[in-house]
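Chain nomenclature is as follows: A, B, C and D, assigned in order of appearance, with residue numbering initiated at 1 for each chain independently.
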Amino acid sequence: MIDLSVQIGKSRFKNPVFTASGTFGYGLEFSVFYDISQLGAVTVKGLSLEPVPGNPGPRIFETPSGMLNAIGLQNVGVREFVRSYLPRLRELGATVIANVYGKTEEEYASVAAILDEAEGVEAVELNISCPNVKEGGIAFGANPLLAHNVVSAVRKATEKTLIVKLSPNVTDITEIAVAVEEAGADSVSLINTLLGMVIDVERKRAVLGSTTGGLSGPAIKPVALRMVYQVSKKVKIPVIGIGGIMTYRDALEFFLAGATAIQVGTANFVNPLSALNILKDLEKYFEDEGIESLSQYVGSLAEVES
Amino acid sequence: MIDLSVQIGKSRFKNPVFTASGTFGYGLEFSVFYDISQLGAVTVKGLSLEPVPGNPGPRIFETPSGMLNAIGLQNVGVREFVRSYLPRLRELGATVIANVYGKTEEEYASVAAILDEAEGVEAVELNISCPNVKEGGIAFGANPLLAHNVVSAVRKATEKTLIVKLSPNVTDITEIAVAVEEAGADSVSLINTLLGMVIDVERKRAVLGSTTGGLSGPAIKPVALRMVYQVSKKVKIPVIGIGGIMTYRDALEFFLAGATAIQVGTANFVNPLSALNILKDLEKYFEDEGIESLSQYVGSLAEVES
Amino acid sequence: MDFFTGTVVSNRVISEKCHLMKVETEKVLDYKPGQFIMVRGWKGFDPLLPRPFAIYNWREEEGRPILSFVFKVVGRGTSILSGLREGDRVQVNGPLGNGFSPPEGKERFILAGGGIGFSAVLPVARSLVDSGKDVRVLLGARTAGEIPRIGYVEEADRDHLLITTDDGSFGEKGIVTDFLERELEEVGEKERTLLFACGPPRMLKKVQELAERFGIETYLSLENYMACGFGVCLGCVVDRRTEEGIIRVRVCREGPIFRSSEVEIYD
Amino acid sequence: MDFFTGTVVSNRVISEKCHLMKVETEKVLDYKPGQFIMVRGWKGFDPLLPRPFAIYNWREEEGRPILSFVFKVVGRGTSILSGLREGDRVQVNGPLGNGFSPPEGKERFILAGGGIGFSAVLPVARSLVDSGKDVRVLLGARTAGEIPRIGYVEEADRDHLLITTDDGSFGEKGIVTDFLERELEEVGEKERTLLFACGPPRMLKKVQELAERFGIETYLSLENYMACGFGVCLGCVVDRRTEEGIIRVRVCREGPIFRSSEVEIYD
């Protein structure tokens, strides 16, 4: 069988099928459905320095082939995660990517520092789509300089494989990708959700408690794929593709566009077995097609002559 | 019955339901299905100074709840439009918005100048999502300064109502909206398509002849609505909402978010009667709900206390 | 909890807008009354998410493991479900949620359902009756056409079941919570009595008020918009009052059944 | 050209992957053979766009106006269509496209269909036969299971119709274009003969070559990905050679039937 393992930073993942942060809880709920140690990695819900209650409801709403969420990054806090959840994930044999966010550079660095010492955390993924409170709320991921600085700060705080998760709500995502690569990121993952909104016509108000929210699911796949394609051409570090991946065919598109690994998000809600099915179907596809090396397949898109 | 007419720049449109450029041909094909003079306006396919053959195929592809297109702005050229198509549109009694694009500021201005003299063109809509060949291909609509300059140039070339159509592929669309408002636009319309991509796994190549294309349809509605909401709060000129409007409920969401009028695009392909149905359903809704003034309804979204 | 594909056996109209769908499953899974399932029965990604429905029943019927649930046609997903026919396939995830376990020491149970709320109330009622409890069920509907033509309702004796309609076109005329109020006024042993309700937010708010006024231990089955249904998206949270202050809990996991005194109902 | 909703009357399996769907319409609309319709038969926006299918027939059947078309299940839209049953509703736009009008002076018609291409070939054949022309039809399939069990094919006499399968499991063994080649070799009066073909791109490329080699006027029915089907999106264009050079024309409007010598077929 084809060796599907992939190298990202210091980490060797057994295969390129990961789950996306915020769509897999702390991983535990899924172990009822299947053995989550089979996945390349599970990315847990975004962790902050202190516990966060998140936004008031409504927090989610379905849209055509997608959904909006405004969870508000509710989480138990990094310390509680390390204390109560990580041991159980380790027992389950899961390869863990800890997703991290903060309101300031320092906060990001502090969370990363705590995780740096935690056994069983394979990699740290920085969610830089969050507003920088010191810079008037502009998102870290919306500005190359802010992005560069937060990644530099975190880079100093952790030896672990550092993945930086990019926001798609920008004019030129490759510019941000290059900035975080220069700041020492081992990998970029993209895309986070597109900023969207839905209105309740009856009540004449935004459906979501926080007015706007993040759009995910199959609806955004074409945008995600385009960005992965663009970024893969600009950076040398491995790219992790995210956005509307529902089937192994979607995953193949991302590999062809240049992604070394992929993350399955919203699909987990539609079918809890999605990530596992994608992995199995990929294995079968590569075998049937006689593809012997994932790394040769990655980025093997034929360029259109023009 | 409620007076649905809306004022945009110098123009009074009989109602706020327009069609979107590129999805209504030159309007003639639709007259088989219904009397297009009933619509607030029909926006014709983007016009350039010279005829353009457009991209090689494949030019379109369906995506979940959306579609990608890479027509490449094929059009008969502004002169042929004025000569052959405009008279027929006038015979049909249609209120015409001429969508315009160019590769340079001068080209935009020249097209607008020709249209300025054309009888039967109610308004000019500038598509600024196109690359500026003099500025290394960066889209006019991706940079406030480029956007400002092209609008200023066109403003000098035409007395007609000037609508500027914004690209959503930017970090902060309100910044562009403000820039074009300052440059003399009478109105902004948004959104144009999101840049996306789809890959043919069998052939290992991009499906579209031009690799990437524009995503439209219900999939993008949440993003469009969010942008209309944001822009409406920032500019004083009327905003025209576009993006995934399939039903009158969708239109209502855009009105609540602050749109003075809306454009129906991809829906025309799904059901050729869409624009007319939306208009009729709106009329009925406003009547049933006893809403007496569209302008009071526009932007009447309750703000969430937070 | 299991995720599987089942085959529609029947999809019967049981009231103006409600259907009872029976799905053949591989086996009968243990469930508690008040637990629910997430159901998806269409191709394509629009609608995208599965929809939550209370488990009405899950048992052997004529030698086949049959899962049944009741749904009201309110939107896109339920409208598609209403068109499914024998042989069509549906994806199911469940049983989900905490379900209802009668606390110790309760002998008398008053259950109130408003509108489609009967779908959670009846399974609870049935299990209590089966375990020999004293049960009283009040079901409210707007009008006669909304009364479900479904086994439990058609067979129950009138002492046990009270049906109300707002317009009096069937059963007693009036709002179900008004009848509930009268019922509560007559309750003798409050400590041994338990109130359980499911229905629209406005009804639940009223039930909360009655519960407090009469000092009767009360449980509510809540609904909330759900993406996953099994606790991973954090989309369905409600505020719960605890000793450590207010915490956000998941309706799909810590609920859908909560002590009335602990939760805030939003209209 | 009209846009309307029709009711499925039947949806019969006519070969391994093909269905013949009959839809009751309000009235019979005039159409030319080779014209097509855009069909949408599902709720929600995924799939989004209607799908193009050749009109197989549109006539009174037992006093009802019945539109029929043949489709092969290849993807998401056709898979949903395959599940539709009597009473389901479908949206139809049509007739669309130029359709086929035999040019003056032609008496002998050779029609070749590959795979699902028979869906455009048979209506053309039928109308030519009806107007008393000399018609020869060649239909190619990969294997016996792909041969449509459909009126025209089952009733036609063997002189008139030749069926080929790649594996020889039905009719003549071989590729349909090889038989076409032999047929063309025997054509006496080339000026009075016309060749019409519909099928996969590779077949059409071969037909183009034969047409040129034998100097026989040939028309091809093309397919292309379509969004609107009635000329407004400019999505379906192909390059057409004209006296003024190459121009981009719409398959849905200027086509789907083109002179073989004018168009470029892409694989």
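Following the convention adopted for this analysis, contacts are C-beta pairs under 8 Å (C-beta built on N, C-alpha and C of every residue); 3 or more make two chains touch, one makes a residue touch a chain.
A quick note: this is a predicted structure, and the numbers were derived from the prediction, not measured.
Using the contact threshold fixed earlier, the set of chains in contact with both chain A and chain D is B, C. Placing every chain at the mean of its C-alpha atoms, the farthest one from chain A is found to be D. In this structure, the chain pairs A-C and B-C differ in their number of contacting C-beta pairs, and the larger number is found at A-C. Centroid to centroid, with C-alpha atoms defining each point, chain C and chain D lie 53 Å apart.
With centres defined as mean CA coordinates, chain C is found 36 Å away from chain A.
Rounded to whole angstrom, the centroid-to-centroid distance between chain A and chain B, based on C-alpha atoms, equals 34 Å. Look at where the CA atoms of chain B average out and do the same for chain C: the two points lie 47 Å apart. Counting partners per residue, chain D has 44-47 as the residues that reach two or more other chains.
Multi-chain contact residues of chain A (touching two or more other chains) are listed as 63-66, 217-219. Arrangement of the chains shown, judged by which pairs touch: all-to-all, with no pair of chains left without contact. Across the interface of their complex, chain B is touched by residues 44-46 of chain C.
Interface residues of chain A facing chain C in the complex, by the touch rule stated above, are 22-25, 29-30, 32-33, 45, 53-54, 56-67, 69, 71, 74, 217-219, 246, 266, 268-273.
By the touch criterion stated above, chain C contacts chain D in their complex at residues 42-47, 76, 79-80, 83, 85, 88. Chain A meets chain B in the complex at residues 63-66, 68, 142, 169-172, 194-199, 201, 203-206, 209-212, 215, 217-223, 225-226, 229, 244, 249, 252-253, 256-257, 300-304, 306.
For chain B in complex with chain C, the touching residues are 64-65, 218.
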